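There are two complexes below, and they share chain A, which is joined by chain B in the first and by chain C in the second.
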Partner chain A sequence: MGKTLELTLNGQTLSFGEGDTILDVAGRAGEEIMTLCHDPRLKPVGACRTCLVEIDGWRRLAPSCATKAEAGMRITTHNERIDRHQKALLSLYLSDSVSEEATHDTADASQLHSWAARVGAATDWPHLDSQRFERSDDRNPYVQFRADRCILCARCTRYCAEVESVSAITLAGRGSKTTIATTDARSLLDTSCELCGGCIDVCPTGAMTEKKPLAQRLKPARMLDKVRTTCNYCGVGCQMDLNVDRAAHQGRGQVVKISSPETGVAPNDGNLCVKGRFAYQFIDHQDRLQVPLVRGEDGELHEASWEEALQAAARGLQGVAKRHGADSLGFISSSRCTGEENYLVQKLSRAVFKTNNVHQCSAT
Partner chain B sequence: MAGLVTTFGAGAMTNSIGEIRDADFLFVIGSNTSEAHPIIAMEMKRAVHRGATLVVADPRAIWMTNIADRHLRLNPGTDVALLNAMAHVIIEEGLTDEDFIASNTDHFESVKAAVAAYPPERGEEITGIPAEQIRAVARQYASTRKAGIYYTLGITEHSHGTDNVYALSNLVLMTGHIGHASMGLNPLRGQNNVQGANDAGASPVFFPGYQRVDAAGIVDKYEASWGTELSRTPGLNLNEMMKVAGSTLKAFFIMGEDILLSEPNVSHLEEGLNDVEFVVLQDLFLNETARFADVIFPAACFAEKEGVFTNSERRVQRVRKAVEPPGQARADWEILVALANACGADWHYESPAQIYDEMVKDAPNFAGISHARIDERHEGLQWPCPSAEHEGTRFLHKGGILRGRGQFQAVEYRPSLELACEDYPLVMSTGRTLYHYNAATQTRRDPGTDEKQPEAFIEMHRFDAKKRGLADGDMAEIRTRRGRVECRVIVSRQVQKGCIWMPLHFAEARANLLTNDAGDAVTGTAEFKVCVAEVSRVQSAAPVDRSVDRSVDRFPGSYYSEGGAH
Partner chain C sequence: MSGANKDKAELLERLAAAGGLKAGSATEVARQLGLPEAEVYGAGSFFHLLSDPETKLRVCTGLSCAMRGARDLLAQAQAAGMPVAECSCLAACDRAPALLRERSVLVDVKPEDIAQAEGKWQAVQGAELSEDWVGAIGCGEAVSSHLPIDLAGEMDVSGSAYRRAETLGAEAVIAALDEAGLQGRGGAGFPAAIKWRGVRAEPAAPHYIVLNADEGEPGTFKDRELMLRRPDKVIEGLAIAAMCLGAEDVYLYLRGEFRGPWLALERAIAAFAEAGLFPGIHFHLHAGHGAYICGEETALLEALEGKRGMPRLKPPFPTQHGLWGKPTLIQNVETIACVPAIVMQGGSWFRALGKTEPGTKLYSISGDVARPGTYELPLGISLDELAQAAGGYLGTLMAFSPGGASSGFLPASERGRALDFKGLAAAGSMLGSAGVVVLNSANSMIDAVREQLVFFENESCGQCAPCRVGTRFLREALDRKLRGESSQQSLAQVAEVAWEMNEGSICGLGQAAALPLTTALNHFPKALGSAES
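Take a look at the complex of A and B:
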C-alpha cells in the first residue's frame, strides 16, 4: 500500500488504499451512494449509471463503482445535477419495467422500486414495451426469469460467469430485444447451470425470482420473518436466512424460502449452493416421524407415548448392559446434529453407561 | 484426523475459507470440491480468476480440472507414491525451508531417507503421472509462498488414509508452508458438524476438546465434573463397532445416522444386526436401519432447534429455531436428557446454551466460546478460543506448531487392499454429487434436486463400455467381492480406462453393498475409495427409449457424459 493517499469527498478528507474505487472509499466513510449493478463480488462494469458522482475538473459525471480513487480528487455525491440525473435515469428504468404493485407478489422488495421512490422518479412515463424473450417453458423447478422486470444490469450473468463460473446465462440479442438467455433457449436443467440460485439473490428488480413461492402462492418475503442460521448440509457452514411464515401450519410456522446473508458475512460471502438454497422441502415432508415408535410382541413397530418409549429404551439398554457388560453397548452419534447433542451422547455413553464405545458417523 | 493430530497437534483446517481467495498456489487432492463443497470451490475459482495456479490431483476428471493449470490423473490409491516423489524433488533440488525444519520440526532425516527411494520416475511407474509433471508441481508448490493444500475423503477413505495425510504433512513441514494466511493443510469436512461432533468428544478415545480418555489427569477431571466413575479404556471406533455388531456388541443407540446406507460392506453388517438384542434410533425419517430398531424417537431437524455447528474452518456458528417440529417430535438434546433420566441419571438442562457452557468448562480450547458471544458477533468464533476476551483463531500454528514441534512421519507406498484381477478387472471408486447429500434422505425429498439427478448410475470409460456391449443409459449389474447392485451406465469422459465411479446417495443401488470395510490401521476409516469390480449388461432390462432427444443428456447438465456440455 505504501504512502497514505487522500481525497476529499463531500468536503471530508478521507484516506484510501491503492486500487480502491470511489464507491469503496465512500462506503467506508458511511456515505450512501445508489447502486443497482454493483456487487462487491463482481468486477465493476458501471452499467446502470445510478452511482454517478461529480469530480472537480471532470466534464462528465463518473460511475463511482468503476472509477478508481486518485489522490487529490474532490468528489461530490449529492447535488442538484446528480439528483436530476438519477431521477431521470430511474424514471427511464421504470418505463422499461413493471409497476411497483406488480412486484408485490415476489420475494424481496425490489431495489429498483425502493430507490425510485426515494429519488421521486416519475411513474407515468410511456411504457417502452421492450421485446425481451423469456423462457416461459423452462421446466427447471427453481429459477424463473421474468423479462418484463429486467433492466439489463447484468448482475446475474456476471455472477454466473465470475463467481459460479459456469456462464449458463448470458446477455443475448441487441437493442430493445436484449435479454438474459441460455444456449438455444434451453431449460437451465440442460445447461451448465448448477442451480445455485445466485442470479436470484443478486437481481435488484425481481426479474430473476424463485419459482416455488410463486407457484405455491406463498407470502412474499417482505411479510416473512428471517431467522439467521447455519446450513445443515456440508462442512462449509454457510450462513443463511430461513424465511418463515409464522402463521402457516396452524401456527407451527413454515420455512417458505431460504435467502443469502449480505455479502461479506463469513464463511460464504453471500453465496449458497443448490442444496443450501433450495433443498429444504424435507422440513415439511409427509414422511417426517411425528410419534415415538416401539416394537411390540408381534414384531411390528407401534406408536407409543413418549413415556412408554423412553421406559422401553431405558429397559432395553440397561438390560443388555446387565447381561453382557457395559462394553457390549455402542453409541453412534451424528455429525448432522449439534455440538451440544454430540456432547450429551458421549456423556450418556461414558457417565451413564460407563463405556467409551462412542463414535460419530463420519470420523475420519 | 488422527494423522493431523499426530503431525501438527490439531485435526482441523489450518486456514480459513476466506483466505483461499488470496492463495497463489492451490493443490487440490482427493477433493471434488465444486460438487462436495461448492462454496469453497467458489473461493478457489476466485483465486484462479485472480491468477493463482490450481493443480488438481484426482484419478477422475472433475469440474475443477476445467480451470486447473494441471490435472495429475493418478492411478487410484497411489497418492503416497505421488507425494513422496514430490518430496524427493523438493529435497533433491534444495527447495526445503531448512530454518523452519530446524526450529519447528522433528524427524526430518527419517523422511529424507524414506523418500530417497521415490525418484519421480518411480512415481511415474506407480501413479501413471509423467515424471516431468511431478517435478514441475513439486517445484511450484515448494517455491510459492502462499501455497495451500486442500483435501477430503479421497485422501482419508483408504486403507492407507493416515499415510496419505502423513505424506501431505511432510510436504507442508519441509517447505514451512504453515502458520500464515492462505497456506497450510486443509481437510474440507463433509458434514455440517463433523468438526463439532469430534470437538464435542463423540469419539472412542477423546473427551471434548481432544483430551484422551486414557490420560489419568483428564479422566480424573471428568470424574470430578460429572460426579461419577468413568471407564479408562478407549472404546471401539465406528468401523470396529460395525464389524463386531451382534458378536461383542449387543445393543446400539444411534442418533441421526442410517448405518445400513452409510457403512461399508453392509451385507455383513445386516447379518450382525440380526444378533443385536436392542437398537434405539432417533431420526427425522424412518430409514433402512429402522428394520432392526426396537425404539424410534422422532427428532427435530436443524430448523426446529437451537444449538451450534462447527464448520471445516473451526468456526462455531449458531443454529437457530425457526419453526416448531411436526407432531410430537422433539429436539435430539431434549430426547437425550429424557433418556438419560429414564436410565437413572439426574440431568437438568434448560437449553443448549447451558449444555454448551458445561462442555467448554472442561475443554480449554473452547473456553471462550458461548452462545451469547456468537450471537453478539454475527460471524461465529473460530477455536482455539481460550478465554472470553480472545477473538478466535483465523489460522493455526501462527508463530510455531501447536503441538510444540511438527512431526515428520516417513511413509511407504502400499497398494490398496484390492487390485484389479481377472474376475474383477475394474477399479471402483465412490463419491458425492452436487445434487444429493449422503443418504439423500433430504435431497431426494425435494422435487428439484431429484429431477436433476433422479437415479443411481455409474460412470464408465467408453472403451470399457464397448468391451462389455454397454451403451450410454443401459442398465448394468455391478459386482464386487461383497455384493451386487443394478444401476444405469453413463459412458463418461470423466473416468479413466479401467475405472468406474459411483455416487453413494442412492438407496436402490447402495454403493456400500459393494465397498470394502477393511479400514485404515489408525482411524478405522474404511476403504470406500478403492475396490475392484466387474460390470455386465442386464439382459432383462427394458431398452432405453431412443426416441427421446439424445442431444439432451439423460442426466441433464451432466458435464462429462459423451454428449458433452452445452
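Take a look at the complex of A and C:
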C-alpha cells in the first residue's frame, strides 16, 4: 500500500490505499453495498449493475466493484436515484428468473432473491420468455446448469478461467439468448472440466447446482447447519463446510452438501477439488469402518478396542520381521494423512523396524 | 502486439475461414492458436455470421427495409424452404429492401427475386452492393469541391494534406481540429481534438489508431458511401492521425458485409503506397462478423482482440487504455475523413461551413423520400431542407427518426428543427449518426416502434441486465399491447424499465434502447394506444 489517501463515503471521511476499489473502501468501513457478480478472487467486470454508486461530478452511476477509489471522491451509496435503480434492476432480474420458492432446492439461499426482497423489488412483473440453452442432457454426474435461474453474471465462467485455469465453460450467444455453454454443447465430461464444482459455489442464484442423487437430500439453508472442517482427502488441509441436516437419520444427522468457506480462508481461499466437494458419501456408507476390527482365529473380523488392534498389528509386524528380516516389511501411508503423520510413518519404518521400504501413495 | 495477442486476434478470422461454428471448428481453431476451446466457442457464438453457418440468407428488417416489405420477403423465403433468417440493418437503407446472401449484400430485392430462385438460396439475385456500386449523393446548393468530404470528387492520392500536416506539426494540426469544432460523427459527438490530445499525452507506448467502420445504426449508410467514393480521404486522415500521435499501426474495422468498401480502402492504401506516401504506417483491415454492438468503440476493441464484443467499463477510456491496453485513438469514418480538408483549409473554414454547429455533415436519408441517399450539407439544416435535397417527401410526413434507432422518433411538427447535436438533444432525441428515416402517414407507428425494439433486443450484447432483460421486456410489453392484453400497470412498468435502462446500462446501446418506445409514447400516444391512460 502506498501513501494514505482520503475520500468521503456517505459523508464519512475514509482513508484508502493505491489500487483500492470503492467497494474495498466501503467494505472496510462496514458500509454494505449490494453485489452479485463480484468475487474477490476475480477481476471485476461490473456487469450485474447492483453495486452502482453515485460519485459527485460523475454524470453516470459507477460500479463500485470496478471503480478505483480516488482522493477527494465524494461517494453516495444510497439516495433516491440509487434506491430506484436497485429496485428497478432487481425487478427486471426477477421478471427473467424463477420464483423464490423454486430456489429452495439449493442449500444456499439465492442471493438474487434475498437482495430483491431487501430492496423491495416487484414480484408481479410479467415473466419473460427468454430462451437460454441449458444442455439438459449433459451426462456429467455432478454439475447441473439451470438456465432459467441464470442472471449471466459470469462468475462461474470467470472462476473457471481465472482461478482454475480450466476454461471449460463460457458465455455463449448474445442478447437475451446469452447462456453458459460448453464448446459445441458437449457434456462437461468431454471438456477440460475437472468437476471442481467451483461454478456451483460461486453462483449467486442457484443456476449451477449439484445434480441428483447428490442434491436429493438438500434443504433450504436455514434448515441446515454449517460445520467447518478440514478436508481429509489429502494433506493440503483445505477448509470446507459440511452442510449437516441434523434431523436426518433419526436425529443422527447427515451431511447433504459440501460448500466452500468464504474467500480469504487459508489455505484454499474457498477453492475445492472434485474429491473434497463431491466425494463425501463415504461418510454414511454402510461399509465404512467405525470401530477397529481384528481378524480372529475363526478367520472373521471382530470388533476390538484400539489398544487390542494396535497390539495385534505390532505383534504381526514384529513377527514378520523376526521370521523374514526387516526388509520383508514395507510401509505405505495414505495421502489422506497429514505431513506430520507421514513423517511418523517413515520414522516408524526406518527407526523402529529398521527398513527403508516406505512410500506414500501420492508420491507416485 | 505480442505473439500471443496476435494469435488471439486471429481467432475470429480463423473461425470464419473454417466456415463458422460447425461441430469441431472451435476445437480445431483453439488447437491451432493454443487457446482454450471454450474461449474460441464463446467468442464465435457472439457473432451471427459465425454462430449460425447454416443460415445462408438474411433479410434486413431494419426500419427502412421493413417499410419496403422486408417482413413479406422473409416470410416468402421461409415458405420457399430457404435457409433464411432476419438480420439487423445492412446499411443499404437507400436501396431497401436489402438481403444478405452469405456475405454479399443484395439490394432492391423484389418478391420476384425470391420466387425465381425456386427455393434455391444460391439462386437469389439482386443488385449487388459491390465496389462499383454507389448510391445517390448530393450536397444541396454547395459547390461540391468546396466541401470537406466531397463525395462527388475525384480520388486524391497526392498526399498534400499529409505533407502539410507534417509541416504544421502535431500541435498545430490538433489546434486546427479544435478550432474546427470537429465532433465525432459516429453517434456520440465527442470532440475530436480532446481525443487526439489525450492519446498524444499518454506516455505508454505504442499508440494505436483504430477506424470505426462498423456502420450498423439502422437508417445509416453514409460511411459505406464515403468509403466507396472517397477512400482516399479516410486513409489520408488516418495517416495524419498516426503521424500526429506517433502511431505505426492503424486498424480498420469494417462490418463484415462491407466487401465493396473493403476493396475501395485496399485500393486507396495501395495507391498511396505506390506514390511512396505514409512510410512506416501499417494499415490492417479487419472484418466484423455480424454484431451491431461492435460499433461501440470498446466492444470494437474487444472484437479486434478476438473476444466477444462486449463493451468495456469506462473509465478508463480508450485514449488511455485501448487496444491491448495501449493508448488508442478511435474515430468514425466520417470524422477522420474531415481531417485532410481541415488541415488544408484550416479550422475556421470548416467551422464556418456549418449552419448551427461547425462543419458539414453527411446525412443518410431513407424511407418516404423521393431520392434516398447520402447528402453532405451544413450541420444544422432542418428535416425539410434535407428532404428537399433528397427530392422531396413521398406522401404526408407523419414522423421521422433523426439519427438512427437510438434517436427514437420525432413528430412532423419538428420538421423545422435543426438536425444538430444540441437541437436534437434538447428535443429528447439525438443527432447520433444522422441516419434519418422518414415515415409518412401510410406507416403504422406501432410497427415502426416494434422494429426498433426488435433490433435492440437482437443486438444487445447480453452483458448487463438493464439492456439484456430491458430490451426484451419492452418488446414483449409492446407485443402484449398489440394483442390487446395491455394494462395501465404495464405502462408504468415500461416507464420504470426505460428509466433503468438509461440509468443502469453499461454502454450507449442499452442507455438509448428505450428511446424508440418512450419518444413514440410521448409524441404519438394515440397511435400507441396509450392516450386514454
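To be clear about the criterion, the second predicted complex is superposed on the first by the 277 of 364 C-alpha atoms of A that agree within 3 Å, B and C clash if a C-alpha of one lies under 4 Å from a C-alpha of the other, contacts with A are read in each partner's own complex, and residues count from 1 in each chain.
Simple rule for what comes next: a residue touches a chain if its C-beta (ideal position, glycine included) is under 8 Å from a C-beta of that chain, and two chains touch if they have at least 3 such contacts.
Since this is a predicted model, take the numbers as computed values, not measurements.
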| item | value |
| --- | --- |
| First (chain B), second (chain C), both or neither touched by A:Ser15 | neither |
| Which superposed partner A:Thr191 touches (first chain B, second chain C, both, neither) | both |
| First (chain B), second (chain C), both or neither touched by A:Gln111 | neither |
| Which superposed partner A:Thr76 touches (first chain B, second chain C, both, neither) | neither |
| First (chain B), second (chain C), both or neither touched by A:Val352 | first |
| Chain B versus chain C as contact partner of A:Thr263, first or second or both or neither | neither |
| First (chain B), second (chain C), both or neither touched by A:Val320 | first |
| Which of chain B and chain C A:Thr123 touches, first, second, both or neither | neither |
| More chain A residues in contact - chain B or chain C | B |
| Which of chain B and chain C A:Val236 touches, first, second, both or neither | first |
| Common ground on chain A, meaning residues reached by chain C in one complex and by chain B in the other | 183-184, 191-192 |
| Chain C partner contacts - residues on chain A that touch it in the complex | 45-49, 52, 60-61, 63, 66-67, 81, 84-85, 88-89, 91-93, 95-96, 122, 125-126, 128-130, 151-152, 157, 161, 166-178, 181-184, 191-192 |
| Touching residues (chain side chain A, partner chain B) in the complex | 140-142, 162-165, 183-184, 186-187, 189-196, 225, 227-239, 242, 244, 249, 251-255, 265-269, 271-275, 278-285, 287-295, 301, 306, 309-314, 316-321, 323-324, 326-364 |
| Chain A-touching residues of chain C, taken from the complex the two chains share | 23-24, 26-27, 30, 36-42, 45-46, 48, 51, 291, 308, 313, 315, 457-466, 468-473, 476-477, 480, 490, 493, 496-497, 499-500, 503-506 |
